[in-house]
Amino acid sequence: MSESESVEVTGHLMDTGILSRILDDIREYGGDYVIDRFDVGHEAADTSRATITVSAEDDDSLQRLLMRLQTRGVNQVDPGEVGVAPCEQDGVFPDGFYSTTNLVTRIRMGGRWFPVENPEMDCGLIIDFDDDRRPVRVYTLPMADVRSGMNVVVGADGIRVEVPVTEKREGAFGFMESDVSSEKPQAVLVRQVAEGMRDAKAAGKKVLWVGGPGVVHTGAAPAMVALVHAGFVDVLFAGNALATHDIEAALYGTSLGVDLAMGRGVEHGHEHHIRALNTIRKEGSIRAAVESGTLTGGIMHALVTHGREFVLVGSVRDDGPLPDVYTDVIDGQRAMRAKLTDVGFCLMVATMLHSVATGNILPASVPLVCVDINPATVTKLSDRGSSQARGIVTDVGLFLEQLAVELVPGYRS
Amino acid sequence: MSESESVEVTGHLMDTGILSRILDDIREYGGDYVIDRFDVGHEAADTSRATITVSAEDDDSLQRLLMRLQTRGVNQVDPGEVGVAPCEQDGVFPDGFYSTTNLVTRIRMGGRWFPVENPEMDCGLIIDFDDDRRPVRVYTLPMADVRSGMNVVVGADGIRVEVPVTEKREGAFGFMESDVSSEKPQAVLVRQVAEGMRDAKAAGKKVLWVGGPGVVHTGAAPAMVALVHAGFVDVLFAGNALATHDIEAALYGTSLGVDLAMGRGVEHGHEHHIRALNTIRKEGSIRAAVESGTLTGGIMHALVTHGREFVLVGSVRDDGPLPDVYTDVIDGQRAMRAKLTDVGFCLMVATMLHSVATGNILPASVPLVCVDINPATVTKLSDRGSSQARGIVTDVGLFLEQLAVELVPGYRS
Amino acid sequence: MSESESVEVTGHLMDTGILSRILDDIREYGGDYVIDRFDVGHEAADTSRATITVSAEDDDSLQRLLMRLQTRGVNQVDPGEVGVAPCEQDGVFPDGFYSTTNLVTRIRMGGRWFPVENPEMDCGLIIDFDDDRRPVRVYTLPMADVRSGMNVVVGADGIRVEVPVTEKREGAFGFMESDVSSEKPQAVLVRQVAEGMRDAKAAGKKVLWVGGPGVVHTGAAPAMVALVHAGFVDVLFAGNALATHDIEAALYGTSLGVDLAMGRGVEHGHEHHIRALNTIRKEGSIRAAVESGTLTGGIMHALVTHGREFVLVGSVRDDGPLPDVYTDVIDGQRAMRAKLTDVGFCLMVATMLHSVATGNILPASVPLVCVDINPATVTKLSDRGSSQARGIVTDVGLFLEQLAVELVPGYRS
Amino acid sequence: MSESESVEVTGHLMDTGILSRILDDIREYGGDYVIDRFDVGHEAADTSRATITVSAEDDDSLQRLLMRLQTRGVNQVDPGEVGVAPCEQDGVFPDGFYSTTNLVTRIRMGGRWFPVENPEMDCGLIIDFDDDRRPVRVYTLPMADVRSGMNVVVGADGIRVEVPVTEKREGAFGFMESDVSSEKPQAVLVRQVAEGMRDAKAAGKKVLWVGGPGVVHTGAAPAMVALVHAGFVDVLFAGNALATHDIEAALYGTSLGVDLAMGRGVEHGHEHHIRALNTIRKEGSIRAAVESGTLTGGIMHALVTHGREFVLVGSVRDDGPLPDVYTDVIDGQRAMRAKLTDVGFCLMVATMLHSVATGNILPASVPLVCVDINPATVTKLSDRGSSQARGIVTDVGLFLEQLAVELVPGYRS
């Protein structure tokens, strides 16, 4: 272990098991460590602070380990200055590029700290300089969007991240911190999600929904429509399926063949589905179909009539697709990123694909709740790095019904 | 194939896929068949009728195949007369004993038909004779309860079963006929279960609940208590766990460590649990704990104060157990059987073990709904022969909450 | 019900429950029926034949019902002649377009029958005419690819489909017909999949694999590499994830942070992952990385060095992506379709997204086995219309290990 | 918080997240804490040591909190002397009884330490005194077995526990420490379980198996029989189902109707099942059926002919049951406890009920691996307090097949 660096981390370290994960990471990357100092918070409310010397076989390994540790909020004691290298090939970062976290980030240059505009994980850091080579802008950029000549941060030096201060087990989202479970008092959870949405709206922030077709299949469309009316859905990220099934239900009273009124189900009712797609394609867009009077109900109709935004991104299993769907997934990611400004709360419902996609681009500072009947969806999200994600394993239809009762005066009464 | 028999079956044969399953059974038992006649129902509402010659290698195989087919409602065209053999050893049926179905059953003796008292699957048929060897009583008896000298039906001759007439896709339970699914409009399902319970009560029948500890963990205890108060829980079958967690919650405000008021959860809170058990054991019974004022809330308290019945049967993983628990499972089965009279509706919630146990002893004529967040529980029940079982894959907590809103005036208002 | 049509269906109708599903469809579409004639197969091996008059409220509903029934192999007794209408808008079919099945299909024109080139479900049927307006080519085309001026079949007249003759419960894939189950003797299943692959190769057909990243995570990459070497992988359909994790494992000995040699796992090891992507992007393609000596092992390396084909189609959750990935999903679908010629067997492993996508475009005549530890993946495929799909719920890693032992002489010895 | 106590804990505290769980427990019990001292292990291999003052509202709450913390290996700095109270009622512990952990435990009396004989969680501690009231024996006893007049430890004073020294991420079972996952390289896991069994046998210890009927359904019976022959199954804990399905397969070549040779499955083949039960009941016992030549193959036959032990404990869903089955679950627990001596390795396969039951009574010092295709089974075990449990989510049939290949020379060759 010829290379080493002194790092530090502050927070409710033992409380949250974060130190355990840091040490795991070091071993995982073939590194070693000595804990130089550990100032423990004496009272329950105090934070702790650890100083650790981490070492690795060579500088390349060390730099990569330091980047990995930053995803946990671990910073170098003596950060130094950022290294910069030019991009030499469109869509390719220079060797040793700094791989970002989704935490609030600053970089140090010329002894001064500059904030990073839009924290997003697994990106590069780009610096725009003025003529005196002073930073005027620092921002994350996904690999596909980097262009030759851009200034890219390399190595782990000169970068600090900040973990959101979670007041453990207090406030709106303490409840779900311990783990993912289907054995939780659900009524309390519904109420707390409602509070999270109200808080976001009260703070002038947007509420982002990410949804899968299960929203329609479970009969939750009326509840979601009511929530759109009441102003609790500012943006929707979804795929072709949610929108098509919603429109199919509005046009033919079915969703993949489920007769919603009678609670009957059959197999994939391919014919309704494909015909609904053709109808909207003929109109040119969902908005056009609403304006022409072809589409008169459902979630998409409500979003259009209330001027809410939606981004539909396609997948390889799509039929059609709807004319509003981004068929290029990288274009779709860009469109989603463009709607993240001012999002203050995110609810993910019944979709693994779009939930993970949104988790990939969302800053860690946005409260995030994921609701699914399948525990794997919820677990996957946390494993992918959305550490702020809180999971609720429950029935999506009944959950949204209850949420509408909480948030929409007069709903179901 | 040296032995053969002519059998018949009537009903919505193609509609329900029943004929497909009959032919599968024949193959499964190594038999063969010729369809002699098939009178198809022309209109959608008409029933069909098939006459089939089934054959097998020897008479023993044929008899067993005929018994198997009776579980599908297939009867011999010429039933003949029942064979009877004496039980020669306690707890052991004679060779070739008739293995029962859970369908309405009659036996033929001396040219007359006698009804079987209590249809239950996988039992033997016992005949009590009067002094002239005329049947005075015919009833099912589980293997463990047969006693030397009893008259046991052997072979498949002289027996007719009747499949309940299900008006396919009509009435209260048409909705769930097609399959088990988590993608169903749940609000409709809640309403239909509520109707099923009201119908049973209106007909003077009892509503049987079978529950697991998930009822408590999901925070549904208040909803279930309200349903007990409102008269929609006549009998509860459960294990040591549901009762202990309910009592633990009542005594300490926890359930396996879940703080119900705040929605927080931790791991197995063994200490509360074991102390709650000791407390009730000291009192001598749950009823005694209610009467002494030790136990003042929860599901078990509600059942005791409203004079409702419960049967708690233990399992090998139990702590304690509570003094009311049958530790001998065969005794427990007997106690459960004794409560089945006049049951007109059965709701199974969040338990595989006790659901299967109840499915084993319940006549096919009792409407049966199984609610669980785990699809496997619901599937298992149907596979085990409870063909009338309708499954709802949903969150138990929210489901019972909604059910209480439907059935209990003023609940949550 | 003012409109009606006489239809017929032939096959092991009762055996397979197909008639039950047909009658369900009729009800689902609000239609009615009379069974005019039912010629039942007397012996077990005989086929049955039913003639049914179906009716609907109006001709539009009737036509759509007839299309739905064709997915079950139901044809009109008097097919008549196909209707044709011109496409008037790129990417939009004319009203009343015929929605295709994945069955072998013929159309009737001028009293003659013309075969459809490439059966695929949920498409339109396009006819190319010669100067005398005689059909020279009839083929399926997805909605997105139709162009103004093309001749599109409308209505259900003049079309016949053929259900593949499944010798029920005989031959290679009889084993899995009954249902999806994790409780099956797995060794037998492995052997039968091996036979299916050998049969396809012996017939000069290609073996298509559809895989998810679980192939790498479960440690099955060496087994799959051995199967590539042995010639049992002709084409691979996958996403960015399988290829990236495979390449990450080859470059860094990890897969999402799993240390494969020691069986240890951690959370999303984002840094390795994103760096592997950058490395291949720098090379320009996976093939270039193999040729430059950068990539020296793993599944993708084996495919390249053996000259096998692969189609990687992106999704909205992708990082990078690899330069070989189709980022436009509709382009990706086209690339997949182009590789389907001569496919004689399809194995889907550990992916829901790409399995459903492949099921959407694969003719029903190609044997199809889906292996996943999650029962929902397997069920979903059948529900979407891939009725030939056979599901095996098992561990992907051990399954592929056993498959390699069956198919590759000397593997693991 | 009027009552407080100084406690200490030693080990890889941050590494294993144990401190985080300790602080959670304190909060859960309504207590508070001050960390007085934290001596951190500087090198990765060093252990840490924390001294904490915990406080609670009253002494009763404090005592219970201290008991809870002992399940984490937390001891009082100044242990004091055990309190003892007499049992006054059969089957009921005195108020304030000490609730045991499954850790190695000692009690202090008269300034001397006495070891506890058989660590088991959720029991009481009984002390047998000699005539001079000096302890001659200290042992755990379940609530149901305590008798009036016995000396029971009360309160948390005078008791020390020892957490097994796990050399984190080293040795046979480091591999599975991080979590339960279906995405793990399975071949490595099989090999490591094989090593664990060989180590136990080499140390002169017994290998305990706990199995469910899935062992038979997945076709793993031949592999398990080979492992019995090879000496790797010393004791089997199971229910009526495993044994009955195994015997049914031996007698009729079926298991719940699964035709093992052909890989075909059907629904619950009730008739075979019930007839197999009757056959063994007629013989009087499984051993008698083996000796009379009635039962000639399968797992139970192998156990009998090799003189291995088995304990079958019934459940409320059982048919029959077999004559060897304990129908009283408390008797069954006693029989299981009696077989735990010298168990050096425990493998749980395909059963939640009996796995939890065994986890309840097994000391934490016995290595424990749980294999199931259902992640919930594996998770449940850890949640219930078997912290040493390592989970493998995989296909049981293929896993046991591979295990036999590893352990039995010549198997499948």
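The chains carry the letters A, B, C and D, assigned in the order they are written, with residues numbered from 1 in each.
FYI, contacts are C-beta pairs under 8 Å (C-beta built on N, C-alpha and C of every residue); 3 or more make two chains touch, one makes a residue touch a chain.
Note that the structure is a prediction, hence the values are computed from the model and not measured.
Chemist: With chain centres set to the mean of the C-alpha atoms, which chain is at the far end from subunit B?
Modeler: Farthest from subunit B by mean C-alpha position: A.
Chemist: When the centre of a chain is set as the mean of its C-alpha atoms, what distance in Å lies between subunit A and subunit D?
Modeler: Once rounded, the distance between the two centres reads 40 Å.
Chemist: From the mean C-alpha coordinate of subunit A to that of subunit B, what's the distance rounded to whole Å?
Modeler: So the centroids are 45 Å from each other.
Chemist: Please compute the C-alpha centroid of subunit B, do the same for subunit D, then give the distance between them in whole Å.
Modeler: Comparing mean C-alpha positions, subunit D is 32 Å from subunit B.
Chemist: Where does subunit A touch two or more other chains at once, residue-wise?
Modeler: Residues 24, 169, 178, 264, 266 of subunit A touch two or more partner chains.
Chemist: May I ask you to sort the chain touch graph into line, ring, star, complete or other?
Modeler: complete
Chemist: Which part of subunit A faces subunit D closely enough to touch in the complex?
Modeler: Spelled out, the residues of subunit A in touch with subunit D are 13-17, 19-20, 23-24, 26-27, 32-36, 38, 40-44, 50, 169, 178, 375.
Chemist: In the complex, go through subunit D and note every residue touching subunit B.
Modeler: Spelled out, the residues of subunit D in touch with subunit B are 21, 24-25, 28, 64, 67-68, 71, 89, 91-93, 97, 99, 121-122, 142-144, 239, 257, 259, 264, 266-271, 273-275, 277-278, 281-282, 313-321, 323, 327-333, 336, 353-354, 356-357, 360, 374, 376, 383-385.
Chemist: Using the touch definition up top, name the residues of subunit A that touch subunit B in the complex.
Modeler: The contact residues of subunit A facing subunit B are 169, 174-176, 178-179, 181-189, 192, 214, 217-219, 256, 258, 260-266, 373, 393-395, 397-399, 401-402.
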